[in-house]
Amino acid sequence: MLEKFVRERVNTKGIAVMGHIVCGYPSFEANMEILEEMDKAGVDLVEMQFPFSEPIADGPLFLTANQASLDKGTKIADCFNIMKEASKRFSFKTLMMGYYNTVFKAGEVNFCERLKASGACGLIVPDLPLEEDAGLVQAAEVNNLSLIRLVAPTNTGERIQQILEHASGFVYAVARKGVTGSKTKFAEGMEEYFQTIKKYASVPVAVGFGISQRADLDYLKEQGRADIAVMGTAILKTYLESGREGLASFFKNIMG
Amino acid sequence: MDVFNFDKKGYYGQYGGAFIPEVLKTTIDELTAWFEKAKADPSFWVAYVDLLHEYCGRPTPVTHLQNLSHKIGGAQIYVKREDLNHTGAHKANNVMGQGLLVKRMGKTRVIAETGAGQHGVATATMAARFGFDCTIYMGDVDVHRQRPNVFWMEQLGATVVPVKTGQQTLKDAISDALRDWAHSMDTTHYVMGTVCGPHPFPEMVSYFQSIIGLEALPTIKRMAGKLPDRVYACVGGGSNAMGVFQGFLDYDSVELIGVEAGGSGMGIGQHAARLAKGTTASAGVAQGYKTAFLQDDEGQMLETKSVAAGLDYIGVSPILAHLAEIGRVRFEAATDTEVVEALKMVMQYEGIIPALESAHAFVQGLKEAADMKKDEVILINQSGRGDKDIFTVAEAIGDPAWDQFLREKAGVKDA
Amino acid sequence: MDVFNFDKKGYYGQYGGAFIPEVLKTTIDELTAWFEKAKADPSFWVAYVDLLHEYCGRPTPVTHLQNLSHKIGGAQIYVKREDLNHTGAHKANNVMGQGLLVKRMGKTRVIAETGAGQHGVATATMAARFGFDCTIYMGDVDVHRQRPNVFWMEQLGATVVPVKTGQQTLKDAISDALRDWAHSMDTTHYVMGTVCGPHPFPEMVSYFQSIIGLEALPTIKRMAGKLPDRVYACVGGGSNAMGVFQGFLDYDSVELIGVEAGGSGMGIGQHAARLAKGTTASAGVAQGYKTAFLQDDEGQMLETKSVAAGLDYIGVSPILAHLAEIGRVRFEAATDTEVVEALKMVMQYEGIIPALESAHAFVQGLKEAADMKKDEVILINQSGRGDKDIFTVAEAIGDPAWDQFLREKAGVKDA
Amino acid sequence: MLEKFVRERVNTKGIAVMGHIVCGYPSFEANMEILEEMDKAGVDLVEMQFPFSEPIADGPLFLTANQASLDKGTKIADCFNIMKEASKRFSFKTLMMGYYNTVFKAGEVNFCERLKASGACGLIVPDLPLEEDAGLVQAAEVNNLSLIRLVAPTNTGERIQQILEHASGFVYAVARKGVTGSKTKFAEGMEEYFQTIKKYASVPVAVGFGISQRADLDYLKEQGRADIAVMGTAILKTYLESGREGLASFFKNIMG
């Protein structure tokens, strides 16, 4: 499944890459352009964010993206649709990323069934802590989906261990304080953080901290700090600023 | 009745919890631990009460509204006077308590969200008094409609950040404050302004606000010679309601009534009633907790509307959502029009100016008093004073002299 | 020291008296009699205190300003918090007392003068609570600069009459109120707002305001462990000053300092300092009493000026004029500029917003605290809260966002 | 002196008339015109009001007059000047009318000396009650001036008696509640008021209540209710509205 897929990619490439889109932003057509470029560039995983009106874990760029998408009328069905198409057309794996209320309101079982039917292999729900996710874990497992756990640099060692005991697919290690898109440099103590994760992780480790250049990727590859490099803000920013061509050359520079 | 003693800590029936990004987990856990420790330490409550007495002027009195009781001819109407609290509302109780906790935790900066601006002013006040840095998040729409409060927050030394995303109101300010906190928790405490948000906030804010009910219970018993038959409070997030209700939860004979913002009617986007009859609100999870939210089928939050900025919010205390579910608290809604009428009555008959928020509680209390017996007693919690609302009230009442005054102050020459 | 026990009743040394048109003589005599009777009746004071406790939130606390004391590094600074009184200033004490007296006298209408509007709001509040008709006289200039207070007076059910004669400020409002009274005394009581005017007003208003000092004395003794070395109060007519001073008059070790409006300087027409060094004020008789007035050689009253409307007055309490003359109270003046600076300090270091009037007392207190020892203690009477002053303060500070807000509220489109 | 002068006039005419001006309002020239008309009409006494900035016993018209006069720069010396000229030129007697502060600031003795030098025969000080006037009484007596006492319909019988015991020249009986210019009709109880005054008065009685027509004068004459009819507001109003000619015909109607 997901874990196996990631391991294979890491074996081949040294590090896998996970991209990100906000469904419906700036439009579904634009989403498709971005997805096509990601596919061409050899991106391995894509988290497809279902927009939510209160995205508390997101920074300004994605916040705007969530709200602009909703203002245009994006519905959950539209998100499942593009996911289904992407899963069919492209070679990367897709994951749903979104807030718990979207899942909760749809019903955990129902939501996971529809996810599975759309070809997803997992979900990332940043406002759903371990303490609250028993129901969703079950619904996900039944549908062969991995509920991706997140760890944060502010977590204690015990907490990281506790989370990793429950990890499935891979673990998403937030490598900055704050929300998506914040430009934190690796602070001191970050090496220790990676070592703690490595110590307890039986699954691959994804790291996101605002990756925007090849050096960032190389850093993660070194000493096997991470298995998956997560790129989100940089992709959207590049596309918004310099369009599809810009995005193509961005990927060439960083992954080519 | 101990509403804080459920099997699952931080839950109230099916509501509550802590739905937070993992990055905040440690901070929230630490906060919970500090709070538990403080709660278990009798000297903390003493220090808290001392601070409120010396700095905020507590205890606040209970006032018998003889004129209105007589005019209405039903129940005897009593009012708990949170309007006399320093900064003009019950909000001060909570922030002062959290301030003491922040000092214990050794943090040096506080952040807060604010809608009407009352909680922002209260937090800025607390920060000035405790010597903390202070940043207040406030929806850009609110920054514009509540400029006087923004002015005072700034004068008190706070930085006010206008939030330009979403509806640009309270809920967006909460989201932005949570975002700030996710960066800054090492030095910073998030001063949640009401009994909402992730655990331990609902319990913690209830704890601090309980001083309202603790004061009110013996006072009204002494004054009225009996327990009140009904207690009314307006409900935005629910902190003033939880505050006063806690004094009476254990007394089954006392009916508790929460009054929400009925806005211009129960149509979608026209109000902020989440628990009253006729609302379309449903259980959901947002802003860190599970409660009844005004949301659509897919869980997207709806617009809300009220003449009272402090009630204009999508969510409501998980504790109140639970108390509504088990029938311990009855919920009603008051419309904007009723609110302005009640405000006028209370001003003219009693010389008291309730905040627009508080006037919601008066609407329901006055309405029901009429059908009650003369030896029955009701207690209305006046959560704050209405001076702050002059721009809104003058507009609602349509005072031409006020308009003229504004034009002059704005340097507009007459046509 | 009993300042009310002079050979000639209603006099304080050479000041005081009742210089009134004969038509008011009987009314004034009756009032004096009713007042004397009430004063001799212990149940009256009890009823008065009860009313203030239940309705106004008294007692008000004394707050230790730890931050400013520390920053200044001199005396320990304590503040008596009249800002927490219902309606936001000490004015409420006086009007409630007079309200009780009006009820005893069986009158049904009250009139009052007001400058800043505080006394007008307080009187309108009292009238609403007691069910009296109410007319407030207010200089037209003040009606314009204090519109928020006018708005609330009207909402409270009072009729506000703009006085368009003279300087169109406080002194003209007093004159017009006296004129009304000369017609209406059968049904009407004139609620003088300060310790000025004809006997018995200075004594009567002092009596009611003495509650400030009576509360402050034991409280500060308990908190500071000793009597204060100095007590500061701003002086418009002098009612808050007389209020707090009466707690300490008998203690020779306590120096009493009255702080007047220094305006923009001691030039003629630039200030309202009648007893401070450098003033040109001299003894005179106007508005029904003899005191130090700001007047010219021929006894015509001069213009006065202050950023604080409540201090902007030609006369001053005859009692204070006497206490100044015998050296029991020292008088100082604070300039508008100093006042705004002190206001900012108190807001930012302590989270307290004094009224511009009260900020005068802070100016002098903070200044002198610096030269005092750490174990010395000063008490500043904060006569009111500053929210009411937002238009003035925002203008004095020059806040562009506030200007912009006013332009928007006034419906001005941006250029 | 004054009392004798009044008695003579009453004997001749049935009732004497006292007019009023506010010095310097609308101008000193206008004052002279009014005084000339009063003289022609046979007015017996004129109270010449020295303007004061806080005339609490005056109604709107005189209040404005006081302040307008001051705004134009009227000084006490100007008032003494016009008084001196009037006392010389005209056959009526002049009295100073004004507020106590004007006297107090100048010094009671000094003020009375200047009054005497200006030909006045008395002063009317509406804000100086019996209790406060000992000093002024003395200064007045020394200078052959009568300090005119006022009584009001709100006074008790004892108070009226007390005041009348101290009366000199004549007594000024305010016959309305309120301030100058108020349009109160004689209320019930007014007859009793006049009788009380008559009972205790050893001096002539002046009555003012907004007299503006012959009937008012006749009413006062009847049963000897008053010895002096006081006209103030009506004179000024008439002059302001219809000038010197208007005033002439006003006097003709009322006194001719």
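Which chain is which? They are A, B, C and D, in the order written, and residues in each are numbered from 1.
We take it that contacts are C-beta pairs under 8 Å (C-beta built on N, C-alpha and C of every residue); 3 or more make two chains touch, one makes a residue touch a chain.
Because the structure is a prediction, the values reported are computed rather than measured.
Listing every chain that touches chain A and chain C alike gives B. Taking chain B out of the picture, touching joins the other chains into A | C, D.
Mean C-alpha position of chain A lies 98 Å from that of chain D.
Centre-to-centre separation of chain A and chain B, using mean CA positions: 38 Å.
Per-chain Cα centroids separate chain B from chain C by 33 Å.
Residue positions of chain B touching 2 or more other chains: none.
Among the residues of chain A, none is in touch with two or more other chains.
Interchain contacts link the chains end to end along an open line, per the touch definition above. Residue ranges on chain B touching chain A, taken from their complex, read 17-27, 165-166, 171, 175, 178-179, 182-183, 185, 282-288, 293, 295, 297-301. The touching residues of chain C, when paired with chain B in their complex, are 53-57, 60-64, 67, 81, 84, 86, 88, 124-129, 131, 144, 147-148, 150-152, 154-157, 223, 344, 347-353, 387-388, 390-391, 393-394, 397, 399, 401-403, 405-412.
Note for the complex: chain D touches chain C at residues 52-60, 63-64, 67, 70, 75-76, 99-102, 104-106, 126-129, 131-132, 150-156, 159, 163, 174, 177-179, 182, 184.
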